[in-house]
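Next come two complexes built around subunit A: one with subunit B, the other with subunit C.
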Partner chain A sequence: MTTDVITRLDPQSHAAKRGLSDLSIRNLFIIPTILFLIVFNIFPLLYSLYYSFTDFRASTNAAANFVGLQNYRELLNDPFIWNNFVITAKYVIVSVAGQVIVGFGVALLLNRDIPYKGLITTLLLLPMMLSMAVVGLFWKLLYDPSFGIINYALGLGTFEWLANPDMALYAVAITDIWMWSPFVMLLSLAGLSAVPKHLYEAAAIDRAGSLYTFFRITLPLVAPILMIAIIFRTMEAFKTFDLAYILTSQPTTEVLSIRLYKMAFQEWQTGRSCALAYIMLIVVVAITNIYVKYLNKVKER
Partner chain B sequence: MRRKIAGIAAGIGLMLASGTSVLAQELTIFWAEWDPANYLQELVNEYETETGVRVTVETTPWSDFQTKAFTEFNARGDAYDLVVGDSQWLGAGSTGGHYVDLSDFFKEHNLGEVMAPATVKYYAEYPGNSGKYWAIPLEGDAVGWSYRKDWFEDPKEMEAFKAKYGYDLAPPKDWKQLRDIAEFFHRPDEKRYGVAIYTDNSYDALVMGVENAIFSYGGELGNYETYEVDGYINSDKAVAALEAYKELYQFTPPGWAKTFFVENNQAITEGLAAMSMNYFAFFPALLNEATNPHAKNTGFFANPAGPGGDQFAALGGQGISIVSYSQNKDEAMKFLEWFIRADVQKRWAELGGYTCHAKTLESEEFRNATPYNEAFYQTMFKVKDFWAVPEFAELLQQINQRIYPYIVGGEGTAKEALDALATDWTDTFKKYDRLK
Partner chain C sequence: MAAVRTPAERTLNRLAIVSVLLVTLIFLAPIYWITATAFKPRNLATTVPPTVMFEPEVSPFVKLFLRRSQLRAAPSEEEYAAAPWWEQMVFDGGEKVVRSGTGEVRWSAYPDRFMNSLIIAISSTVLAVGMGTLTAYGFSRFKVAGEQDWLFFILSTRMLPPVVVAIPMFLMYRVFGLTDTHVGLIILYTAFNLSFSVWLMKGFIDEIPREYEEAALVDGYTRLQAFFKVVLPEAATGIAATAVFCFIIAWNEYAFALIMTNRRAQTAPPFIPSQIGSGLPDWTVIAAGTVLFLLPVAIFTFLLRNHLLRGMSFGAIRK
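Let's turn to the complex of A and B:
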């Protein structure tokens, strides 16, 4: 048996007549992709790594001076940046936890035979399909203390969701939960419907309680796909920008990407913002790695 | 087939040839998206009728105006021939090589006297007192106040006010009266609130608001020539001013934590607040009955004096500069020569632009043209501005980080916030070698 990955062309084929060898066909597909990646991903990545060691400002024509680790040192010594990290961590935990609880809960409710199941699922997916900016703008109206419908419905009077520094971050997280729980729900539903029915039947015969069934059968079998949802949502929540930026400008909601945006495009501290972006990249890669390790472990079980 | 290709090639050639000749007759001005930009488009349409040169005013929302302009500058793009840039950009625009030096043009046309002195100082010159000019003052602007005349002139209210505070209810003459009136009209039960102020900390809104207090209290941001800030921004006067601003915050409508010109005009149009601070540029909308149901009952006053009698206001407004990467610099220069003509400036004012032309400003005709022009005229001779150094955005970020938690979050004291700010600013000026 041949070990060639590429199968030989039939000499009579159209491609062969035009003189395209399998090698050139392969190159035709792969080289543009690699070039695209190099030009638009890898080159900027390396170029910004270089900038992160300089005092470059994109707003002037002055040349960049090499400053070594100064940008990193100053950033990691800046109490405001640390505060941004704490805010981001809080936001990630609250919003991802909320999405998993709500999303998985709704998936459990939907994972049975109910009328109009397809329609309900589709309707529940709507928030996810909206643009972040639009969601931000209309939740700003919903939260409005004078005429917002949330205070009216909950009878909260003029409770200040976004103007209250302690509440604002949770208000942003609630919006994010509303928007992205359907995503977790969708993946969970896929996981739930893949759980073999005979396991439940066996559990029923053994008179296992519903809690026992959930923790011993449902959760372990859905865990891998749920972990994938969590990885996606954590990465997204970590770099969240639009929602927080549109809803409020409280210092207590200044997540890292907002700080990064201001540093890069309002203050034009290009070198320093590159350094901050790298710090963020390292953190995201580290967190994702932990998750992936855990995911592999879960899969092995 | 060959004939077809030749035809297409000829067509493309013709298009390119005519394209270049058309280009020379076109100018693009970049500005933010707001009413004055529409007035400017109307004005430059008249330039086209006069000279045949087509001028387009291209706009973008305020929130990304700075970012978009500097992205274009950084790329040395020639998309814009002229830009109507914020006064704080002068440092970055001039030292960055983005603006054409207009010093000779200024001297030739004696613009130092033709335009109101404060506007020349803040919209055109950088560094301060250097005699180097980078822009022509185009849209003068400063922060003023609008108020509800019907609430102020209600006999019952007037009586109650006099009984409580011992003086007549009228537009405030100083910051203490401003505070009293805000307190008097602050009635959350009736959904009426005392005052609307700027609180948005994402760019310069909150800072402009606080500057109104600091400057009128006799305080300064620092020494604009030596860049010393310690003892200025944290002086007793500045501390008292910041405390006064925070006091006003408690009389604002609920949720007043990210507000700028849109919200502050809404405070009047929605009948929420008795008084509202805003740039003069946004006042025409308040007199328009289509946009303000209370248009007939809206009055205006200049930023009141502080306890020591000083009276200043925070400067807004912009100058027009030629972008140094433009392909049409000569044509742009000709346009500026037309723009500074006295008759054009008068027309600019008629269309709704806030001219900086001294003679036009002083004319009775201008001062009586609208209910707020008089307040505008008075204000334009007593304005002060934020730092215009290239690193202004860092300074803005630092002041926002220090004063916002104090004003909106109620954290710490005014003295603590401003002491910390003095340290931040000193470090920043040292970093850029402005301070030893």
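Let's turn to the complex of A and C:
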């Protein structure tokens, strides 16, 4: 950790007396950023915390009435909202599991003697750098039941992907897996390359089977970094909006962010949507906490 | 990995190479397909079965930039012959170029939205990286009470779901008249990227040996001079990588742009999908717009390739 290695400039020295003091430089450098984040992130959240206890509607000029916990109570008793939670959970599980399987699998393949490894890795990383909204748009073309290339390539005839309520969520997840497996692959590759070679050599001398080597050496050593990838992707998948919103308008793909968007900006139930936002926020902060704990663990190694 | 030894291992490795190539082809296929569609004649874009082989043309890119309307009657031969090549392309597609009263060619909305994206992404990147670098230096070199907590606070602002932040921001922007303005989006994207920039830059600055600055201080530099003349040049690569990341994030952002803008300051991500609208969309033009929009990011990805791991893990994991 950096704090431990800091050796401070002696405040009595000549260098410290010239120009601005270290203290004022530190404050000058740090405080504007903190203020900026408080004004544009924390203050709005307090603002919406207040509205979450009211029946405010941004579409009318009527003043907001304080309604206490009513919004929260109604939301948590609303089976439709619970359904949105279930859809989101299903989406998170399918897409993160898919990304881990594909991403880690490809990383294992790439961790061998592959010619042009650098170029191939960069090419594979391309999808995750693209705009989710635009990716969603062009996957619509790929998924089209009649002229889409996916049905043609897989020989599926006129199979409905996005217009089919049972399939749509999986179609969104598949696109997400295409986009974000590279992320898991990237982190896994870093983990794999950090496994000391002598462990494999020792295992080879002991005539350990490849399965044994994988489960007793590779997996435990890559696990922490893989865990970071999983937590990070879980958090992102939980927040997902762009892909599902652009790809389909099926009720079966209405993840929490989309419900929230509709509640806030189409139905104009501002107060209620602020309450739902807070419920989501609590979940995200919890996941972030776990994420940071793992980050610190990996850094300490 | 250990060197390939036995024949069995050699076969395994060959199998791995083949699989890797196959996976790469599958992953790149969607990008190839949208790019191919951008060079197709309109009547080949949505055929059943899909057209794989075709003669590429640039007409979708020409049409992308021009405002067009349906042709009611075919142009006369003289009219067609007198038209420049790009106008002929529009005629060939059964459309005509829309002109203003004075006969000037009208542009489509695309170049406007593209410019909005550029202005907003570049401005917010400069702000986020500028402030982020200073803050990162502050955290890297000075004692800050509760440093880990502050850094966690900074990171946590980045983890908020955009839609959650957007609701109160929308209400505030309405009061201050910042909805559908460039400034409004620039502020949002700066806030969004600032935490990222602090975390990434802190990693880069931590790696610069403190002895460099200390030597400069001994030589009579003030702390500020040492920062600008010694630390910043040393951190140049890190700053460039951070800037490219921030640019890409702002360039790609969709949810804020969808909620906060509708016309004047609208960026490309909400605009491009909105072109589908009702009726039969011209997929070749949409594809052309998509390809042009994705191209800068594709180029940047290659430039960034050695920093991707670091950037995508918020500077936590380094090679």
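The definition used in the following text is that the second predicted complex is superposed on the first by the 266 of 301 C-alpha atoms of A that agree within 3 Å, B and C clash if a C-alpha of one lies under 4 Å from a C-alpha of the other, contacts with A are read in each partner's own complex, and residues count from 1 in each chain.
Definition applied: contacts are C-beta pairs under 8 Å (C-beta built on N, C-alpha and C of every residue); 3 or more make two chains touch, one makes a residue touch a chain.
Predicted, not measured: the structure shown is a model, and the values here were computed from it.
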Which superposed partner A:L162 touches (first subunit B, second subunit C, both, neither): first
Subunit B versus subunit C as contact partner of A:F80, first or second or both or neither: first
Which superposed partner A:P115 touches (first subunit B, second subunit C, both, neither): second
Residues of subunit A touched, compared between subunit B and subunit C (which is higher): C
Subunit B versus subunit C as contact partner of A:C274, first or second or both or neither: second
Touching partner for A:S146 - first (subunit B), second (subunit C), both, neither: both
First (subunit B), second (subunit C), both or neither touched by A:P251: first
First (subunit B), second (subunit C), both or neither touched by A:Q266: first
Touching partner for A:A58 - first (subunit B), second (subunit C), both, neither: both
First (subunit B), second (subunit C), both or neither touched by A:K197: second
Residues of subunit A at both interfaces, subunit B in one complex, subunit C in the other: 58, 144, 146, 265
Contact set on subunit C toward subunit A in their complex: 1-2, 4, 13, 16-17, 19-20, 23-24, 27-31, 33-34, 37, 45-50, 131-132, 134-135, 137-144, 147-148, 150, 152-157, 159-172, 174, 187-188, 190-191, 194-195, 198, 202, 206, 210, 214, 217-218, 220, 222-225, 227, 248, 251-255, 259, 268-270, 272-273, 276, 283, 286-287, 290, 293-294, 297-298, 300-302, 305, 308-309, 312-314, 316-317, 319
Touch list for subunit A against partner subunit C, complex: 2-3, 6-9, 15, 18-20, 22-23, 25-26, 28-30, 32-34, 36-37, 40-42, 44-45, 47-48, 51, 58, 106, 109-115, 118, 120-134, 136-142, 144, 146-149, 152, 178, 182-183, 186-187, 189-190, 193, 197, 200-201, 204, 225, 228, 232, 235, 238-239, 241-242, 246, 257, 260-261, 264-265, 270, 273-274, 277, 280-281, 284-285, 287-288, 291-292, 295, 298-299
Subunit A-touching residues of subunit B, taken from the complex the two chains share: 66-67, 70-71, 73-74, 92, 95-97, 188, 191, 200-203, 253-258, 272, 390-391, 393-394, 396-397, 401, 404-405, 408-409
Residue ranges of subunit A touching subunit B (in the complex, touch as defined): 57-62, 80, 143-146, 158, 160-163, 165, 248-252, 262-263, 265-269
